[in-house]
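Two complexes, one shared chain (chain A), two partners (chain B, chain C).
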Partner chain A sequence: MTQFILKRLLSGVITIWFIATATFIGMHSVPGDPLANEKAVAPEIRRNLEARYGLDKPVWQQYGIFLGNMLRGDFGISFTQKNRYVNDIIREHFPVSAVLGVLALIIATVGGVIWGALTAVYRDRWPDSVIMFLVVIAVSVPSFVFAMLGQLGILAMNEWLGFSLLPVAGWGSFGHMLVPALVLGLGTMAYLTRLMRSSMLEVTSADYIRTAKAKGVPPLRIFYKHQLRNAILPVITVLGPSIAAITTGGFVVELVFAIPGLGRFFVQAVQQLDYTVIMGTTVFYGAFLVIMVLLVDILYGFIDPRIRVGKVRG
Partner chain B sequence: MSDIDNHPLNRKPDETPALAVDNLQVEFSAQGGRVQAVRGVSFSVQPGETLGVVGESGCGKSVTMMSIMGLIPMPPGRIVSGSAKLNGKELLHLPVKQLNKIRGVDISMVFQDPMSALNPTMRIGEQIAETLMIHRGMGHGDALKRAVDLLERTRIPEARKRVRQYPFEFSGGMLQRAVIAMSLACSPSVLVADEPTTALDVTIQNQVLELMREIQREEGMAIVLITHDLGVVARMADQVAVMYAGQIVERGSVDDIFYRSAHPYTLGLKAAMPTASMHVGERLMAIPGSPPDLFSPPAGCGYCRRCDYAMNVCEQQLPELISVGDSHASRCWLQHAQAQVDVDALYQPGASTC
Partner chain C sequence: MGFFRWHSVAGIQRITGMWCLLFCLMSSGSVQAEGLDYESRTIRLAMSQEPPDLNAITSTDSVSGMILGHVMEGLLRYDAEGNLVGGVAERWQLRDDGATFWLRKDARWSDGSRVTAQDFVFSWQQAVTPSVASEYASILFPITNAQAVNEGRMDPSQLGVRALDDHTLEVSLHQPCPYFLGLTAFRTLFPVKESFYTARGSRYGADAEDLLYNGPFTLSKWVHGASVSMSKNPHYWNRDNIWLNLIDIPYITEDANARMNLYRDHKVAIASDLNSESLEGALRERMQIKTFLDGAIFYIEFNQRADRVTRNRHLRKAIQQVFNTDDLVYKVMGSPGSYPTYTLFPRWMKGEKDFFVREHPAQKPELNMEKARRYLDKAKQELGVETLPPITLLADDSPGGQKTAEYLQTMLGQALGLEIRVDMQIFKQRLAKMGTGEFDLVVSGWGPDYDDLLTYADLFASHNMNNRGRYASEEYDHWVEVAQRSLDVSERVHAFDQLQRIIFEDAVIVPLYERGRVYVNHPRLKGVSRRALGGDPNFNFAYIEPPADS
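Now for the complex of A and B:
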């Protein structure tokens, strides 16, 4: 087990290095630089600034400096936000995104498993048709539409109630998180519902379900003891990529609901070519995802004994 | 008909059969019509007796047993008519709740592929214990202890360690023993074994069959053994029912079937069996043609298109099971008195078996 984790961590480091390098190359091949935004900068000032940020050095040297700093965990100072360390930006804003993302993921997974199981149980009857219709909508409509609809919904509800039950935007309490997390998790939930449905249907016709019936196991027990656990395996598999989809897809929702998450900085940095913030957030997200996928793989082993790693065959 | 159902050796006038099926008809609705998978099957098994049900794939042998146990999906499946009595108690059309008090308790089943018949994410011991917990109201600990006993009973070494393992940690033969252990948990009076050795290699087949025989001797249960392997039937069965196109075409004691075959299909099956004396390059015998389409079963005998001895009447009218001896019956017009055929001379017994 330890060997497995170490191996995966090593390959994770290589992945992150690759992400960092690719981003670095991509970023530097975009025309312009972080200082290009400044209006009418005198050539001397510009030279001074370039010297201060090291932009006057050849790119390969900049790359070397960046790698060295990254190994020390230092991503430097933002170009556009004066006197803010990239590390501070991540430290302040990532927890917001993380809380939102985790909540969205929980909603997506729990919802996907429940809806998927329901559609399979009521196969070809009206609950199945209704849910599958909603799933198609949730998969195909982009999240900013749902974000707006969510806000409109909150407004209408508050108006109807006569008091403010849920805040329309902002951050702070659980009420602030609920609707944004739902909107953020909706696409993934729809995807997981479809996955869970087909997986449940496959399991329903499995031989071991027939065995359980032949043993006289009551239907409800067959459902939760034999079907659910086996059907949930494919859902767990895509949980890793789903975390990626949710955390990186968060910035639209964060923008609409005025949530001070990391996603906004990520997008802004790309627009303004803020080299240090781009590198910092990209590498950070990359590392985060590598760790999440590893965690999912370890979790998988707990649910499916066949792939439990490091266990010796008896 | 009931006089030929009973084994002549065990027959006691007042003994109720462990399982008695009468005129069972099962059909499946499918696109473009209904498949009549089982067309009036009757048989019975006495306690301690083994009935071998033989036939090619799709002849309805598995569907017959599965519908008795309520294991066919309904719809599309439908039990059209008939009855199945387990120790005199009707099984068909029981609500699931009541059926679940019988399945796994009085009648249990061993399946063809042990690799897929067990839940891959549940420990072997838990799967055996589950039956005991549901039906015997045992606590988890007691049920697991009993599971160890059952595994030892089916001669699984290190049973105490094995109960904690998952199906993927067992070999095929071991798994089938575990499945047998599971089916024995509540000492059923009928054990249905659906091709129990087909998925196993030959040496393991032998061990599993031996184990089933031994347990039957101790427990005195009836076994219904579904197979397409005549060799397995010859070893295991007391009574044999040969099925073809959803019907029993011949039935009798194992000696009747093998030495006094009274149906052309049985002869064909026997001829198709490879023997040890075959030469390299020698072609295996096969029955030409294919079984009739059960969407619209023929008016006459389902086998007549493939039969070497077919007569005009075979095409037009379905023969009844005609008694040809004590407990031996054949669904063939050749056996009818009016046919006036010397069947024994026609079949040349012995010539077709080698």
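Now for the complex of A and C:
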């Protein structure tokens, strides 16, 4: 086990280095000038700015400085948010994205498992068709549409009630999170529903279910004990990447609901060529993804006794 | 039976309890307050962006400018009508070779200490210090030695500004600068207290407690990316004339629809920059739509570098001749509040006695197709070609930019048979291409820095870095110099008129429109300044009317 984790950690470090290097090269080859502003500046002021941000050095030297700083965990100061360290930006805004992401993930997983199981149980009957129709909509409609609809929905509800039950936007209480988390988790929920459905159907026709039925086990017990537990495994597998996708993919939701998450900074940094923030957030998200996938792999061994990581089965 | 009943009552209680808990969770701590409150003199707003830089010395963007317009004050300031009046300075004297400012004795920082002349000397020296790398350093260049200091050839202490005593500031100018008073209301020239600045070091301006304020308000809370609050400054000299106690900004989002939804939910007092969707909704709900001119002038700029066909004057004249800016503004863009324009100068800037554009109306193109074709034939002759090569139009990827580009493409194709290739780029890339001259035509805009026509007029002087098309004319440079040096108002206005004439005759640019912005405002919120200079919007003179039933 320890050996497995060490090996995975090492490959994780290499992955992160690769992500950092690829982003660095990509970022510097994008046309555009990070220091450019609507109003042009005189050459001498330009030189002063370059010196301030270390852009006066050759690119390979900038790369070396970046790697050295990265090893010390220092990503420097943002180009656009003057006086703010990239580390501070991540530290202050990632928890917001994480809280929202965890809530979205809970909604997505619980919803996905329930809906998926229902479709399998009522296969080819009307609950199945209705849920699968909604799933197709949730997968194909982009999240900004749901975000806007969600907001208009709250607005209409508040107008109808005559007082604000849920806030239209902002951050600070559970009420602020509810609809954004739902919108954020919708795509993943739809994906998990489909996954759960097919895996349930696969399990239903398995030999051990037939045996259980033959033994006279009550149907509800078969469903809980045998079908659900076995069918849920593939869902756990995709949970790792899903966590990363949800916590990093909140840009649109954060924008519409005025939520101070990290996703906004990530996207704006790319648009504004904010070199230090691009590097900081990319490396951070890369590391986050690597760790999540590793955690799920370890978790997998506990849930499914047949899979014990690191052990050679003979 | 008895047991069953007991159980079910407990069940109901439990469920009710859970609902209460959920309800409490939802509403607890949430900002459920209304957009304005008469009793506590509070207004709530939404902002498009986190303020990127509240260090006035280096700050350049409009969001920071809005905040700084409330929490800081320069020697001069803008009053409710947009006129320059005394700020920290009580009186002043502008001469050919310099200026003297007498500071009011009751001007104080938010820690209670006095704002002194030394605070101005320090901040101005910082602004031109090379290592500070202020992008607006050049705005101080009229001051003696400013440029030399900024280029590293002199020590900052040699900048031409001195504190004669705590309340007298002496500025020396290396040439007459008629618009210098306007500059002192600009953020780069705001005062900074040296002891506080050096104590904070690189943290200066990073958080609410890392700034010292001398304006009508102070930053009382700043949660990055989430909210900003400004409270009335108890030490501000003019505090008796400030009505509001709190400007609370609990929402930060770039999404204009979200800001409009907050307004419709009565959570904010103003929704700015309505896009076409939210405008439709606002009209449907019979809201009172307001507009104001934000000072930005948009125009087509021609690339006049040696290898470009747009260097040919007759080609430019042909384009100028067919272009109908009324069509563009009223039929294509359809944004209320924007005005078609035929000059570089906005309609609200003063001339000699009246508004400049009223005293000196700009010449309009005749929209004469025949004349345009004659210009085009001449251009082809001079360039020695049968047909002109494709012309590249650089545009930004905003909805407005796209519409303008498509309109230009169709219009110039139909009227003159020109082949226009649209090069759509995102912000930074478009700026980079403008800087290196990779375009023939570009739609660009310009907003003012100070209250003088020169802030627009010197744009096409050959030495100006923002002259991206590299237009160069000795005559133009001459009149810019006259406007820069002369302290005589009628001489200067004459110079601006000459510049306006050259812009038309030489077809330096094709003016398109003055940008108007659309917003809705709570009917009881009054005295809000929407303006082009000094940060927008501004609530220094805002007040709330009492509710109708009280």
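Basically, the second predicted complex is superposed on the first by the 308 of 314 C-alpha atoms of A that agree within 3 Å, B and C clash if a C-alpha of one lies under 4 Å from a C-alpha of the other, contacts with A are read in each partner's own complex, and residues count from 1 in each chain.
We adopt the following convention: contacts are C-beta pairs under 8 Å (C-beta built on N, C-alpha and C of every residue); 3 or more make two chains touch, one makes a residue touch a chain.
Treat the numbers as computed from the prediction; the structure is a model and nothing was measured.
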{"item": "Partners on chain A (chain B, chain C) - clash or fit", "value": "fit"}
{"item": "C-alpha centroid angle, chain C to chain B via chain A, nearest 10°", "value": "160"}
{"item": "First (chain B), second (chain C), both or neither touched by A:133", "value": "neither"}
{"item": "Which of chain B and chain C A:42 touches, first, second, both or neither", "value": "second"}
{"item": "Chain B versus chain C as contact partner of A:229, first or second or both or neither", "value": "first"}
{"item": "Contacts of A:18 with chain B and chain C, given as first, second, both or neither", "value": "neither"}
{"item": "Comparing the two partners chain B and chain C, which touches a greater set of residues in chain A", "value": "C"}
{"item": "First (chain B), second (chain C), both or neither touched by A:218", "value": "first"}
{"item": "Chain B and chain C, minimum CA distance [Å, superposed model]", "value": "26"}
{"item": "Chain C partner contacts - residues on chain A that touch it in the complex", "value": "30-34, 36-42, 44-45, 48-49, 51-52, 80-84, 88-89, 92-93, 148, 151-152, 154-155, 158-159, 164-176, 178, 255-258, 260, 264-265, 271-273"}
{"item": "Residues on chain B engaged by chain A in the complex (per definition of touch)", "value": "69-71, 96-97, 99-105, 108-109, 111, 113, 116-122, 130-131, 134-135, 161-162, 165-166, 168-169, 179, 182"}
{"item": "Touching residues (chain side chain A, partner chain B) in the complex", "value": "206-208, 210-219, 221, 225-226, 229-230, 303-306, 313-314"}
{"item": "Residue numbers on chain C that touch chain A, as the complex places them", "value": "25-32, 46, 50, 52-53, 55, 58-60, 130-135, 137-138, 150-152, 202-206, 223-226, 250-255, 257-258, 261-262, 264-265, 267, 426-429, 431-433, 435, 465-466, 468"}
